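Below: a set of structures, written as structure tokens.
First chain A sits with chain B, and in the next complex the same chain sits with chain C.
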Partner chain A sequence: MITTSAREQHASPRGRALLTWFAGSTTAGPLVALLVAIAVFALTTDTFFTVDNGSLIVQQVLVTGTLAIGQTLVILTAGIDLANAAIMVLGTLVIARLAGEGGVPALAALAVGIVLCTALGGVSGVLVTRLKLPPFIVTLGMLSVLTATSQLYASGQSFPVTSPLLTWLGERRYLFGQIELTVGMGVMVLLTAGIWFALTQTSWGRNVYAVGDDEEATRLSGVNTKRVILSVYLLAGFVYAIAAWQALGRIPNADPNAFQLGNLESITAVVIGGTSLFGGRGSIPGTILGALVVTVLANGLTQAGIDSLYQQVATGILVIVAVAVDRLVRGRAT
Partner chain B sequence: MANTLRSRLASWDYILAALVVVLLVTASLVQPGFSGGFNFANSVSQMSDKALLVLPLALLIIAREIDISVASIAGLSGVVLGMALQAGLPLALAITLAMLAGTLCGALNALLVTVVGLPSLVVTLGTLALFRGLCYVLLGGAPITDVPPSLITFGNETLPGTYLPWDIVPFLVLAPLFALYLHRTATGRRTYAIGGGPEIAVYSGVRVNRIRFGLFVVSGLVAALAGVITVARTSQAAPDGALGFELDAITVVFLGGVSVLGGKGRMPGVCWALVLVVALRSMLQLANVSGYAQGAAVGLLLILSLLITNTTHRIHAALTSRRLRKVPVPRPAGP
Partner chain C sequence: MCLNKVRVRSTALVLAATCLAMTAACTSEKSGSGATSGDEIAIGLVTKTNSNPYFVALRESAQSESERRGVKLIALAGKFDGDNQGQVDAVNNLVAQNVKGILITPSSSQGVLGAIAAARAKGILVIALDTATDPADAVDATFATDNKAAGVAQGTYVRAALDSRTPNVLLLDGTPGSTVDDQRHRGFLEGFGLTEESPEIKGAAVTNGDQTKAQTAMENLLQRDPGVNAVYTINEPAAAGAAKALAARPDGEDVVVGSIDGSCTGVRNVKDGRFTATVMQFPEKMAQLGVAAVVEHAENGVKPSGFTDTGSQLITDKPVPGVPSKDTAWGLRNCWG
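What follows is the complex of A and B.
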């Protein structure tokens, strides 16, 4: 205490403000990590720090980032969603198969996919709230059931999509005739802004943070905590549906074996983004930065010529380091 | 209180045992070939590696921790075994190296949980990816099929004159040891104490972190043994060996009546649950249900088992609160 105040007296007002912001903000850590990663790869490879690669990274971050937004919502309530990528993959399969061999209009197929993903999020939510099961176990069970369902539904096939609506998010636009942008990036910005607004500017958002911080206290202060948690899982399911749409835009082919590490990568992004796994603390901008860190690392390793076999190893190390750093910075009393 | 608790848990064991008997009888009546010795040997052998993973996992969950990296440790140990064999090392040395690798993996988990103080769910989620990733990095995707005949015999033959497969023997030896540890030693009692309330255990003088450390290391060691059995059973060391086995193991532990919140559960219940899952998988397999659908069935069973334990707990709580209500309570004045 004494040392801190002594240091604060010596620091200039601006420096002190910066220090306070750094210690209190959830986005400072991931921002520094992102800048460091970019600097390292920019200095060590020739191909990393280019406009084209920057655009590629942003395209690569869309799916993981969207999954991570849903994951953030769940983790803010002190839960965890191991089934998010499995929900999304089943969503892509259903949309692609209905629109392809099913002959259903693309809009209807997309609507079915969105309803399905939202409902599946709701199933997890009901099991967590009504039956008071731990989210980790519920979503682990959901993960195996949904992975199996996807495999059975696809029966060893993958389903290409051709409909312009379903691949719309992958459509390219050029800024200044040079910078490649996709419609998906716009959707991502809208989604981020929308969820950020709901979390920080509405009473629902306050309740989400409160439930994650102390569910019992929140319930005793008159909030219907079960309804709040259920709404979070439903909204997360909807976000996974958007992730499914993004995935079809990026690669117009629904594959049951895709995104097997999606749950882990999204958790890594959320943890790097400064969201506490114990709930009640975290932010959407932090998660976006976290997702960028994960993607920059994967992209940078590829640019540096390191075998893609190492990516799973890197993801594993990254999630542990992220939690460890979080624990060391914030102290043990979380 | 302790008495009712014990009787309730004991009764869960009996419910499971009854379920097992019912399932076995129905299966042998309905499913031709189920009660045959060949099917018995085959089904038991198929679960022999998963069965081993269940033992340390039960201890960890009772101590309010979890290790979901067990299947990846088993896979990595299998890869180490395969590479050692390929390098021309004798079988005994290769198996020792594999066990050593598993122990080191367990020690890494233990270190991160006890010394760094991270939640075991996230740590082992990370090492699940890390260890599996190392399998692929080491082998580069192609399995090693250069396995000595003695190991293949161990993984595919039965004890002479019986239908008991060789590869279930390590489980049959270890299961009583784990039960003895949990129910008959002081450290076993302390494991329950940690799960019941880690803080209280610390203040009661239990060396919580030392026991936790030990449990994670044992988990790694036993997972390595399971990995060796997987190699023996499948006659190859593949990078995706034992992939996804953690789900079956976790399901068995919860189905066996171990509480998600720690501090509750008994080895006999866990063993009955194991028999139940073996019988269920065997039935589904004979009915030509695909592996994926079996996976879905296990996932559903995981959620169902939690539902059942949860509901029985609630009914029990409702009954006890009704009993309490009968005790005359002085009524406060006023409306």
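What follows is the complex of A and C.
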């Protein structure tokens, strides 16, 4: 681009390198936002910058963060998943009810939940690829169907969970006797690393980005794009099952009314994390950072004594700023 | 009003958008069908939702009372809490079915007034259950919990349970702008002897009556004020969330957590010591009174009027002198859901 080269001639080499890095890396924006937020709250409150609070923030990010990992996969293919939290909630209900009043062994109940969530992701995938319906419409329909299904299945009840396996991800461990960690954090790290590896180091991952960038061109280059997209929805469904397990670890009670805005919260994390809603651009670490930014804002603003409605205002502004900055930077530097 | 589903209101915006795409999905659900025939008395019931255990209990109670009295109940509901259009449609449908009376728990205290006026113009008795209309005299009578009094009971108990300790209070509110939220909140402060500006109030958060949100909010508030010893909660899911956050710091000071609702889950939580006390309301009584009033009016022409408080009862296993309460054994016999 002419404007870019003209600009670069004036910029110092270091500034140019920074600009290139900022533009090329989808994680730079959310990382800066996160560091700024942490710095502000650390300087303005006494209670924010502590080990305990750090642990708390990570615990609070697990469920939405996991949902957002699945959401990232779908959005990378230029799709969107409005049904992710609904799939997860149905998963928690089935697991908790089978293991509770159903008397099924916890491991079997968990396995059924994982298969169910994966299959439901697959249903969305089949509808998107075979019937060629827009993902927005498919998952909007799934959201409606699954929300009602959860209500019918639960018939107004919620289901407490007592099994050690099902609440295992909420179990606490202490590092150096000081730092509170939960098993769920370990699972989150493994999941993040695994999917990050698959996206960046395998041909499957390259195909996911390529499909999101330009499906038609990718198909013409010999890739079975339908199979790639279907695999993404199946994997996302599996990730939502892990989110269900995380949710039971955090609150050992499956509630059909929980996480009603989980879909939008996960999209918020993905967008703040620098993933483009048009597909083909974004990353899992960015999404984790995005989810952390939202959680840090809520946590920090609470400790700064600011009304919780302003936390929603701040999050909303951040979403708009994130997309605007993304546009601006890409428009100038690419 | 039960606030288990108040949080749904925000989702309503999302669902409203959904409805534009899927108009068929948003009709109210029916149980019972067909127009009434002959002299049989038919009563319509319109609840906020079909899924909330509170309204399920209310509906089931209305059903059994109707069977006992040999009248027919047509139970309809909005699709979600806040679904005013669904309730308006339901009222219109009931008018078309020539019911003698309509019992309604209005999702919107004002939005449903037009439909109610049309029904009353046809001589149908309309009674508000659980939640009053605005103005209250838009219906013939109201049978509901006095939410202010329920809040006062919670506040009085929590203050008394603190005994000589200096109060450090957190408020876990429901949804801003809701009438019931406001009544319970103000009632709690009054019962406790606080005002909005009292320095004893260390923080407040909006939870939408949702357990997950309440837990997160409580964790964050506790980070700022570890010395908290008293918590107001809008409903029992919020109290359960607060209790989970408190359980994560076992070495902390003993905290008095109060709540309102009286569901069986909530009473069991009080019994197990997760939170300290709850104020029970009686949806089943509202339904029984409502059905009885319609039958009485149809048979004898006696019209109910005004506000009838269906009562509330403080439930705790840690009674304090001067604050009347029942234990959880009584609570479990009388709980709903």
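Operating definition for what follows: the second predicted complex is superposed on the first by the 299 of 334 C-alpha atoms of A that agree within 3 Å, B and C clash if a C-alpha of one lies under 4 Å from a C-alpha of the other, contacts with A are read in each partner's own complex, and residues count from 1 in each chain.
Assume a residue touches a chain if its C-beta (ideal position, glycine included) is under 8 Å from a C-beta of that chain, and two chains touch if they have at least 3 such contacts.
Keep in mind that what you see is a predicted model, and the values were worked out from it rather than measured.
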Contacts of A:Val189 with chain B and chain C, given as first, second, both or neither: neither
Which superposed partner A:Gln151 touches (first chain B, second chain C, both, neither): both
Touching partner for A:Ile137 - first (chain B), second (chain C), both, neither: both
First (chain B), second (chain C), both or neither touched by A:Leu309: both
Which of chain B and chain C A:Ala298 touches, first, second, both or neither: second
Which superposed partner A:Val36 touches (first chain B, second chain C, both, neither): neither
Which of chain B and chain C A:Val51 touches, first, second, both or neither: neither
Which of chain B and chain C A:Ile179 touches, first, second, both or neither: neither
Partner chain(s) touched by A:Asn257 [first = chain B, second = chain C, both, neither]: second
Chain A residues contacted in one complex by chain B, in the other by chain C: 137, 140-141, 143-144, 151, 261, 264, 307, 309
Interfacial residue positions of chain A with respect to chain B in the complex: 80, 127, 131-134, 136-138, 140-145, 147-149, 151-152, 261, 264, 267, 271, 277, 307, 309-320, 323-324, 327, 332
Residue ranges of chain B in contact with chain A within the complex: 112, 116-119, 121-123, 125-134, 136-137, 140-141, 244, 247, 250, 254, 260, 290, 292-296, 298-300, 302-303, 306-307, 310
Interface residues, chain C side, partner chain A - complex: 4-5, 7-8, 10-11, 14, 18, 21-22, 25, 50-53, 56, 176, 203-206, 210-212, 215-217, 219-221, 223-224, 237, 240-241, 244, 265, 337
Contacting residues of chain A [partner chain C, same complex]: 45, 47-48, 50, 52-53, 56, 59-60, 63, 137, 140-141, 143-144, 151, 154-158, 250-251, 253, 255-261, 264, 298-299, 302-303, 305, 307-309
